[in-house]
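Okay, so chain A shows up in both of these, paired with chain B first and chain C after.
The block that comes next holds the complex of A and B.
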């Protein structure tokens, strides 16, 4: 059966076009404790929370252009929580002086039958991984410190092998497009984490090899 | 020479010139004789100016002189001109020059000393001749002058000292301010805006949504007059709080029976409680805490009045000025008011008589505060961390509603619908119902001595429910008459009565219902007691009914009745007890004992004499005994034939 023609169009998220402002960095395992300590001090006064998530990355290959990527994620620590389907656009080129990476972002909460649905639509799973770590919040900013692990047997989230000896640190904000004050806030926050972790705007498209 | 022959003696001066060299041909070249000035220079060179005069150097520089002498001896051997020190050419010139140099050096030293003024000052010395002329005046003047200078010096020193002391004090105060600021910082949120230090006393970080900014300013209070005495409660740090948060405030909750005049509404008395300051706390701390309390009270009141306007109830809530009035039960008024005294004396003066009735419902006031905090906490924790971690922040219900296809009812179930006002009204209703129940039981217990009512209140209650166990007993017979045990669960709107046998009766909040119910239970108790007593006494129960269908109708409940027969069957006692009509006791005698009965011809056999005869009423009030059951026991005993 022939795959239906796919047009890869930019996706806009409903009525509000949300953008993700992102800064990334990493810390070695040894430095994790001090980073968490610092984050606890800087972030909103909430109970520190841990998470374990399983992310599946789906591709839909069209006739032309880049494949269309969707990320489906579920929480292993909260099995009843809905799945999360996410589309991330290409990083915006534009203002070089902007302090954070900006990309289009569509978030959808989904029911548990999401993988089947995506398969039916013609998406194919490209890769999957398990991320576990800590999540913090400061106002609109979300700070996720996570360890990424490779899944050895497809589908079995118990059997994993960690990818590196370091933790990924992500500082992200969801905001409507054109709010550059957000990136300013993010930079200020990143400054405060400076000696522990260097948060930078990293363009994933340039990391490809 | 003139007497001698004129012999011409020619004298050639010996060659005094020194031969410089003799040439090979024998001609001598001489050193050219010194000219006059050269000679002078030569002689002058010979003068040893460095050598001091004899008197100075004899003792101190003996050795150098010896050396000198040694030198001179060498010079003698060389055959050069030797000089005794005293025989130097121009000795006097040298000596004079030397002394002149010495004088000059001394003069220079003196001048430099005078000029430097470091070690010594020169003062003109009053001349004797002038002193001699007007000695007293000048002495006085000079003394005065010297005293004045001395005084000046002392004054200068004193000034310097006091300045340094003041500086020290200032420094210490500055330090005090800083340490106070540090202490303030450890307890309150501060931030620096421009050259001001602003603090935050709002509950926003704790989850409050109240729009008041709640900012206070930290003031340095170091400009205190140094000359005046420093007051005891002096603190180098002061805080300036917004004027609308000054003073003290509290929420007053009260329940009144009658509705007051409409004119009274909204003018709740403000009586000022003297601010209690704990020893050891800083004045700013007390001030900030008071302001924060005012803020919280205002927030509670604002929340309540907002809800009062929004919530639709059968009897609308009234919000007037600083008072919210609600009617939980008919004829009952719940008033919640915000009392805020800003410290001006006016309010205090005008309403002194209002301060006396202390009808606070402290429990509710406390609960209001507690609920507000809970509300805050809910606000804070309502935004939970998303799972999975990549999901955006937001309410949980928003994330769940889509994937789980919730309908409106399910979504609204997830929301906290009940407001502060509804909760507090419910609590007030419960508190009122509980206190009225207690009063009803107490009044019954005090009015009716037989049977007795005992109420056992549970100590630990829910805010919406409490329970009481009611026992109806007869004095002295507690062990045998345990028939009536009631558990009253007092809720918000109604009272549920659970019988010992499991029957459940629901009573409304009306006082009369409970009273009637208890009265009927008490009347039943008496009949139950007779039944129990009969068992103990060995009598037989012939019939028993809680609700007798015969006889006069009771206005409250039903009458109950019991008939018991003596062991040998000769007597029977019949008791009918109604809540209103009271008790009637009848005794039935056996036929044999009734004299009045005409002897029938039909029943002549002796066995028929055991048939029961007529009833006779016992005049119960004239019976001996302290209560019903005791009287009954005596009656039974009297009717039991002795052994």
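The block that comes next holds the complex of A and C.
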């Protein structure tokens, strides 16, 4: 049996083999200020950071099995910044001893020709959205509070409509595989945001329908 | 009658002495702590010590105000014998603080008047009070009372407001909505609720998100993504390369896709 092509080999070693530990929740618009206030108190002392991003989700469908998904993101507030390409693996919910959702994560910076390149590769865009909000950091932890908006006219990021009356709150840490202790820190941090926000590991496959 | 009063006096003196001893011990240990453990001493434990002292002082105050306690103020102490010689018993009794009971120190220890400086200050204050007329004094008292009551009001009211506010926050106003959480998580994970920009199909490659939806191929939302953690190994897991073509085994996501990318689906090969 011949060796599998190089591209089939799992990517290992270096900074590539990283896992993302994730907790998610949401906060109603009217409680946003309280949450930001609390986060400013809890997180590392830094300049308040806001962002407006456009995310395009691309699919590559095979003859069988699941499509391969890549997420391309660009900043609308900094149009000259590089694009960001991200692969996310299947989320693992794990057992009670692990306090966060864990998924494989590969992040790459890309040039502005990324959409054309993906198209040439055979990827097709499935959906897109605009996210704008605030980023906070505490050590390795990243807290993103963002408003999601759907794009009414494809490709036109000016013309958007907000998706819900809440902001999405995500607490994430990037760590090498197997470092489940980070989920402990995340749980402790999430405790401090209660009862304002309930951060949980949410199995996305249950939100599908 | 005389005897009973004397007995009462003895008893109350005894209890006063023991209470004072308690205060003394507490002070002693607190000072020791401050001197030897000041590096590890926490603020709560300092507060505990203060609380202990204030409690003990309170008990002494209560004891002195008790009806059964005879008024110590009416008791007179007369020094019967003064001597310039060192008195070992006295040294022992006072923990080496007072070695002799002499003419020099007795006026200090048995003093019933305040210190001369304090006396001087008191004199000044009474002179001041006598100088201003009763009308002016009355006015000043009223002004002070007014100030105090308005300050008290200010201190009390915001607390009520704040309590009401936080109570409202706790009870009536939830700050998050679980349904919204699910909707948002679904949206970032699969684009649930987001307008679909379906692929225009292989015949019309090019600009993303343009052209009507032609093929009815599976979109992200329609495909069932397996939840089994075995598939997680896809990209990074330190596992062996995926087994090829084992019957009954789901091929891993990545293998399928890479294969399809280099296979018939690839636009270059068409």
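One rule holds for everything that comes next: the second predicted complex is superposed on the first by the 189 of 209 C-alpha atoms of A that agree within 3 Å, B and C clash if a C-alpha of one lies under 4 Å from a C-alpha of the other, contacts with A are read in each partner's own complex, and residues count from 1 in each chain.
Quick note on the criterion: a residue touches a chain if its C-beta (ideal position, glycine included) is under 8 Å from a C-beta of that chain, and two chains touch if they have at least 3 such contacts.
Computed from a predicted model, the values in this text were never measured in an experiment.
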item: Simultaneous placement of chain C and chain B on chain A, clash or fit; value: clash
item: Touching partner for A:45 - first (chain B), second (chain C), both, neither; value: first
item: Partner chain(s) touched by A:120 [first = chain B, second = chain C, both, neither]; value: second
item: Dominant contact partner of chain A by residue count, chain C or chain B; value: C
item: Touching partner for A:128 - first (chain B), second (chain C), both, neither; value: second
item: Partner chain(s) touched by A:87 [first = chain B, second = chain C, both, neither]; value: second
item: Contacts of A:109 with chain B and chain C, given as first, second, both or neither; value: first
item: From 59-67, 149-157, 257-265 or 509-517, the chain B stretch with C-alpha clashes against chain C; value: 149-157
item: Chain B and chain C footprints on chain A, overlapping residues; value: none
item: Chain A residues touching chain C - in the complex, by the definition given at the top; value: 1, 4-5, 7-12, 16-19, 24-28, 30-31, 34-35, 56-69, 87, 89-90, 92-94, 103-104, 106, 115, 119-122, 124-129, 148, 150-152, 154-155, 163-166, 168, 177, 195-198, 200, 202-205, 207-208
item: Chain A-facing residues of chain C, complex; value: 170, 173-178, 180-200, 205-210, 217-221, 223-227, 229, 231-239, 241-242, 244, 250-251, 253-267
item: Chain A residues touching chain B - in the complex, by the definition given at the top; value: 45-46, 49, 51, 53-55, 71, 73-75, 77-78, 81-84, 86, 107-112, 131, 133, 135, 137, 140, 142, 144, 146, 174
item: Touching residues on chain B, where the partner in the complex is chain A; value: 205, 380-381, 385-393, 399-400, 402-404
